[in-house]
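The data blocks that follow each hold one structure.
In the two complexes below, chain A is the common chain; its partner is chain B in one and chain C in the other.
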Partner chain A sequence: MEITKKTENLVTVLCLKGRLDLASGAGLKDEIKALMDKEQNLIHLNLADVDFINSSGLGVLVSIMKEIRMHKGRLTLSDLASYVQEIFEITQLSHIFEIFTSESEALTSYQSVSAN
Partner chain B sequence: MASYSFIYASVLDSEEKMLSDLATLLNENQILNPERYGFMLVVSEAFTNALLHGNQLIPSKNIYLHVEINKNQLSADIIDEGELGLKQIEAKKPSILDEPNGRGVDLIRHYATDAIFTEAENGGTKVSITLNRKLEKITY
Partner chain C sequence: MHEPIIKGNMISIPSSLEYLTNIDDFIEGILRGFEVEESTIADIAISVSELVNNSVSHGNKSDDGKTVSVSIAKKGNDIEIKIEDQGQGFDPRAISNPLDEENLLKDTGRGIFIVNALMDKVDVQTTKDGTITTITKSIV
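Then we have the complex of A and B:
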């Protein structure tokens, strides 16, 4: 899995490409841990180019979410392919993740929170 | 009918190798989404169980994958050489929403037309999965 990183205001945006599973998820966990160490705890994951995710990949996302919350941060997701979105719904994880249709919509939500 | 057999060592990298092999043979047989995604998902879930719970990542223990494709069905047998896989599946409790693990068997049961968990002849766990093609319950 490829991870590209950019920063939009205070939000770190990670664009994931490829499969999110048991093996590839370790790299994502390491990336998030490094961001937490640098106190960059506002994280957005763009999943537009994730073409496969299984329960191990979902488990990685749950671990990441807990890690970020432990650091009083925020995690958002966007651009899920329809079959990825369906897995979130089947497993009911759509109830515990903040999922947006697009990256811009997600980033706007951070501005709304900081304005309040 | 096309059939394929693979053997993998119980190391983390094997999952990527297996998914690449599976993607290749699905491409060869022109299996497209949503069948493609559903089949890759259920095979990967059974494979991960075999890797982690059955063979417990002991590299000398193998995972055997046999795939058959015909115009009506996609089917796979995933067999490990461990001793605990089947017991863990039988003892599975409902998954907890904010826990990282415990969703694999649920996803197999959701996407597969049929999923049978038995003890293999070698004493390991055998998971036999079938997906009927043009399955109406998979909709994207």
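Then we have the complex of A and C:
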């Protein structure tokens, strides 16, 4: 899986491309851990180019969410393909994660929170 | 066996998760040949991935001297896929519910639940030689 990184204000945006499973997820977990170590704990994952996710990939995302919460941060997701959205709904993780339709919508939500 | 072997509509792999993409490519290629809708292909691909993962890790306990075989057939309006391993099997009814509050934030335990949700039928048969899991999905 390819991970590209950019920063929008204080939010680190990671765009994922390819398969998200146990093997590829290890790299993502390492990336998140490195960000937490640098106290960059506002993370947005753009999943637009994730073409495959299985339960191991979901497990990676749950693990990441817990890591970020432990560091008092925030995780948002966006641009889920319809079948990825379906898997989130089946497993009811759609109620656990903050999921936005688009990256810009997600990033706007960070501004709303900081304004409050 | 150290590499995937394909014979007709069957693929066999050593018990290692590194070959999951070989199985995905194989299954998706055949389903496209059957002109199955992409959303149904995605449902089947994730289900096969979950079951092969289960067979490699829990059935064959990642013993690369053992194999996992996946075969696919079109039967009328149904796609039927068999996943065979050399392990002792599992009872799909005995899997804990990942939607229970105490399980919702666990990193694992969603695979079989997802398969049951996406497929029309899931059947598990265990013999002295191993376990055959058969999943069926209508393509109409």
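The rule is simple: the second predicted complex is superposed on the first by the 116 of 116 C-alpha atoms of A that agree within 3 Å, B and C clash if a C-alpha of one lies under 4 Å from a C-alpha of the other, contacts with A are read in each partner's own complex, and residues count from 1 in each chain.
The criterion applied here is as follows: contacts are C-beta pairs under 8 Å (C-beta built on N, C-alpha and C of every residue); 3 or more make two chains touch, one makes a residue touch a chain.
On a predicted model such as this, the values are computed, not experimentally measured, just so you know.
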| item | value |
| --- | --- |
| Touched partner set for A:111, first chain B, second chain C, both or neither | neither |
| First, second, both or neither for A:24, with chain B first and chain C second | first |
| Partner chain(s) touched by A:90 [first = chain B, second = chain C, both, neither] | both |
| Partner chain(s) touched by A:58 [first = chain B, second = chain C, both, neither] | both |
| Footprint overlap on chain A, where chain B in one structure and chain C in the other make contact | 19, 21-23, 52, 54-56, 58-60, 62-63, 66, 82-83, 87, 90-93, 96 |
| Chain B contact footprint on chain A (complex, rising order) | 19, 21-24, 52, 54-56, 58-60, 62-63, 65-66, 82-83, 86-87, 90-93, 95-96 |
| Residues on chain A engaged by chain C in the complex (per definition of touch) | 19, 21-23, 52-56, 58-60, 62-63, 66, 82-83, 87, 90-93, 96 |
| Touching residues (chain side chain B, partner chain A) in the complex | 12-13, 15-16, 19, 33-34, 37, 40-41, 44-45, 48, 51-52, 95, 97-104, 106-107, 110, 140 |
| Of chain C, residues touching chain A in the complex | 17-18, 20-21, 24, 39, 42-43, 45-46, 49-50, 53, 98-99, 104-111, 113-114, 117-118 |
